[in-house]
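Shared chain: subunit A. Partners: subunit B in the first complex, subunit C in the second.
And now, the complex of A and B:
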């Protein structure tokens, strides 16, 4: 066999190395050029309708009616093309004790006890259930800290993300007091036949979160979580309209907002009415697993 | 200007050292490429702990860049001309450290190349990430200019005006570095009201002081290591003694801030503060002990003159680096580990192998750049007399100016070199 000298060996090794790794650098190069010069694959205007004038949207969640069945979380995941690699999805549902035991009223999440969990599998009538998602804050810390302006607040109350501007620094995620934001750690995959064409698929490396179903609500529909709630615990509406149901509920019922002391001005109000007596109890959907960064004991 | 020095005719161990660094860089870059193609999934970060060791690395390396400014201040501002042999090296050290810090940001970003558009095309002026990242570019510019003029001075090609520019850049870099670069990097964490451990006005101050301690210690360590590698005395015993005393002061300040940070966190006894304290004293007890214990040990050692020598400062410097790295890890990780709601479960962050290799790759880039630049650029003037015998103690701004006017040439006043070890 012919001996190869060092020069030839180096040549061969370089060719072998280059052919092994070339497709990756080429892909990266194409992506890099797209990131720097591209206008992005999803334009904000196309998917997000224009803000509604003279409106201020918000949501009211009646904790006396919520039975913690997680239907809102699953429906939201399906509606917004959230991949399985994002877990938990946009809505987390907590099971907790009654904070003021004697009256049976849920006071505030700051008083939630150590027994609180989001991994329950059976519903209990003596427990309280509280869904948590993006609060679309009026003084949103995530909007304040975003270096690119990808997170923005619209005048009609929505906090949204422009996926073409997000650089994935995750400052908004550390700044959000509600843990409402999710990051695409992997390339998101949702089967084509299950994709909602009204919601853009995100790329890996960008942040996403609850949009109050902006593609539906600005076209006159309710959010998906409001539609699927079997006990009608959720209400969505325009707070600028004095006759709207949300306005009446917040004006007439005892309520709180999450972590109000931080002055974020959340746009989700929780009603602390007593438990509904005629409430339908459904079988709960299973808790989300494959949670990244969380260890929990299976119940 | 003198011709660039060459990397040829170095010892065999020098090339082996470079090859090892290149190997680390290759592994790191390969793993980073996986993030670029498939997303940063292989890291240990999660939606609950969005920032991992890359942000710790950013905070640590930004801090190290302070070393350059402090040496420059002591040299130019306080007239300690015996610091001259490490003055230009420290500027290079500051430059490569701030470059390393930007690399940590780059690998942390989900869409890194879009991130390059940040200050000019994409911007939101209320974001402290924008303010601090823009300040890094400014700092690189200042250090680059300082390096350019200092080299002109040292090679004897500088006009008096350029020599003055070099000196004033060295002095003005200090307020810029401390008030703009480090304080705003601390504020990145300090303004986050969602996280109990971060949301304190002490944090910017803490960042500035710990940056000075770690940066100055690294500048001294670099001087000692180069002296050992090149088998000559770069600095004299009196200079080391002075450095040790300065370092002791900065370490004491850092311990003071550390103590009151933790004290107030524990004493306030808020729910999240208690959770944080619980995590610090159980899962993160190692880094906590390394942080506080390391700084206290370093301070006590520096009180003795025998540790304020070349070898002593190398050991103390290493202890300080470990202590400050531990502080950065604790700050970034523990700050996010306290759950935002009870019932989220046991939140954890464990850096993955891939994540560590990328971080080591960046550290290798920093060391490689420093090694190459200090070997290629003219970093010190070579004269026969050792610098520590001709230094001029305690000369203030006015006297330095007079001396400068008398000599008419910066290089004659400031630049001195080394002597062969007998």
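And now, the complex of A and C:
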């Protein structure tokens, strides 16, 4: 797959910039004209590369290696232009009692509440940590319920959102069993010099979520969370390739998927290997105290 | 003729008793306050509500759900009159249809208020946008609600214009539409129930009993509301609403409340006896979960007032006492209103799919905006009912008030 050269990068950056500073009524008009005449699609194509043929992407997370440091969640926020204010991160990391407990609790629709928390501040070697994000389900309830087709499933495994089509009804958030979707309850603001030009800034009133870093992974790179994990707990790859690392891990190790009973076909597999003996333990980044949508900042 | 009619209608709407003017002024004031708060919500975004990612639907959707029930309840009048030819209800069936129009209008307002990007509603128009039909139940709801609105508007306008001209409106032309309004009314509430119960992620809603319970509770709350309004109308206007008509409606409410309570009992048994992990939202609602119990007083209030109302209604001699009947009606209205909001929408989200508890309650802005929507809906209803009564009693037009149409 091709890498982005400098010229392309500048072009993308200018598209992103123009779109950010366009006044809202003009954006609405542009959306409308684009939708009716099919001309407004160019920015989407550049933000979201074309699906990779004959590929089926997915992720494997080794719970034996995850120490709950939250670096994936923080890096994801930066990578995907998620504001630092009240917008919760795409990735939530839970602390649980045990790996079997993890399987048991997390298999049920109300997995938390029995010794499970997101608000831990110290890491403990007797606990287990589990990151949760969009599972890019093969049989995604959010895609099924979306009234405008804004949420869609691509053949190479991604569940994505067309931010120009989302009307903000939030039915997908009701349908998602993994709490993976985020609504822009207000205009998201990311300082211009910190914006990632490869990822579109979403506007107020639309739903967003983890994209498996589609702007990176379809161009041959790993997702940001895979890159940043200090213990290499995460693996991303093509399940259609019999020699891929993800395929071998899922074939050879004990694993489970979140709430498999709901038959959503999640594309994140969790390995329940014993805890890594000589794992590096890093200082955890602080919990997102605004995570559950309680507003700490005054408007 | 048309200009005469318009003159007559305008005269009817602007003139009236002192109480009528106070009532309209009060509703207009509430509507204006609501609209002022809508400006604030549009300015700040939905962050100004208490809704957050964990509880992403709240008070607006609860009101929407309740009002779909009120709209559907028009068939409680249509069925006895047109299908079983119970003549006394003939005087009020049009008022029921006007109520349906007002209620569906309120539903649509609540939906637009809840949308994050309402200016993009045109994405839901087939051909222009992508209308994800039939996969998304929400698109079904768009179809049936708009269809029901157009259907009832057509029936009301047709019947009133015929009555205005002094003719009978039960023609072969319109009867199929009237019969069609019965399954249409059932469909709006069934589809709205399917909206919730089709989500496997929300075990609290994921029960087949939800749809029949929606219908049963709707056929209590809507007619209960109408029973009170009919008594006001018969005190303040010349429209001849007989006791027989009101008693028939009260009887229907009685049996629908019996079914509603029975279905509630089935749900309670299923949850408590099987006691799976899915019981958590149920526990949160009925006796609190991990120290969070703000919905508990609400749901017990709903259960108690619904049960008292049922006890009042089940004895015919008490039910026929209008004072007791009105108490039962007010209780049912309160009980079902709580059941739809605090008893259904909120606990569907609490605990969240990942088990977090966010104690949602609407804030003042959401309450004022909802009151504003109710005021606009009641304005639509009052104006509609006043025109209808003026035409039916022959104040304007050429109707013969002594004849049944």
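By definition in this document, the second predicted complex is superposed on the first by the 229 of 299 C-alpha atoms of A that agree within 3 Å, B and C clash if a C-alpha of one lies under 4 Å from a C-alpha of the other, contacts with A are read in each partner's own complex, and residues count from 1 in each chain.
Rule of thumb we're sticking to: a contact is a pair of C-beta atoms (placed from the backbone, for glycine too) under 8 Å apart; a residue touches a chain by one contact, two chains touch by 3 or more.
What you see is a predicted model; the values in this text were computed from it and never measured.
Asker: Which holds for A:167: it touches subunit B only (first), subunit C only (second), both, or neither?
Answerer: It touches subunit B and subunit C both.
Asker: Can A:96 be said to touch subunit B (first), subunit C (second), both, or neither?
Answerer: Touch partner of A:96: subunit B, not subunit C.
Asker: Using the superposition on chain A as set up above, list the residues of subunit A that contact both subunit B and subunit C.
Answerer: On subunit A, the overlap between the subunit B and subunit C contacts is residues 28, 31-32, 35-36, 86, 92, 94, 109-110, 112-113, 116, 118, 132, 141, 144-150, 165-171, 173-179, 181-187, 203-207, 262, 292-295.
Asker: Show which residues of subunit A lie in contact with subunit B when the two form their complex.
Answerer: Per the touch definition, subunit A meets subunit B at residues 21, 24-25, 27-28, 31-32, 35-36, 85-86, 92, 94-96, 109-110, 112-119, 132, 141, 144-150, 165-171, 173-179, 181-187, 203-207, 262, 291-296.
Asker: Would you pull the subunit A residues touching subunit C in the complex into a rising list?
Answerer: So the residues of subunit A in touch with subunit C come to 28, 31-32, 35-36, 86, 88, 92, 94, 108-113, 116, 118, 132, 141, 144-150, 165-171, 173-179, 181-187, 203-207, 262, 292-295, 299.
Asker: In the complex of these two chains, what residues of subunit C are touching subunit A?
Answerer: Subunit C reaches subunit A through residues 44-48, 51-54, 56-57, 111, 114-124, 128-132, 135-139, 142, 195-196, 198-203, 276-278, 280-281, 289-290, 348-349, 351-356, 358.
Asker: In their complex, what parts of subunit B are in touch with subunit A?
Answerer: 30, 33, 36-41, 43-51, 105, 108-118, 122-124, 126-130, 133, 188, 191-195, 271, 336, 340-349
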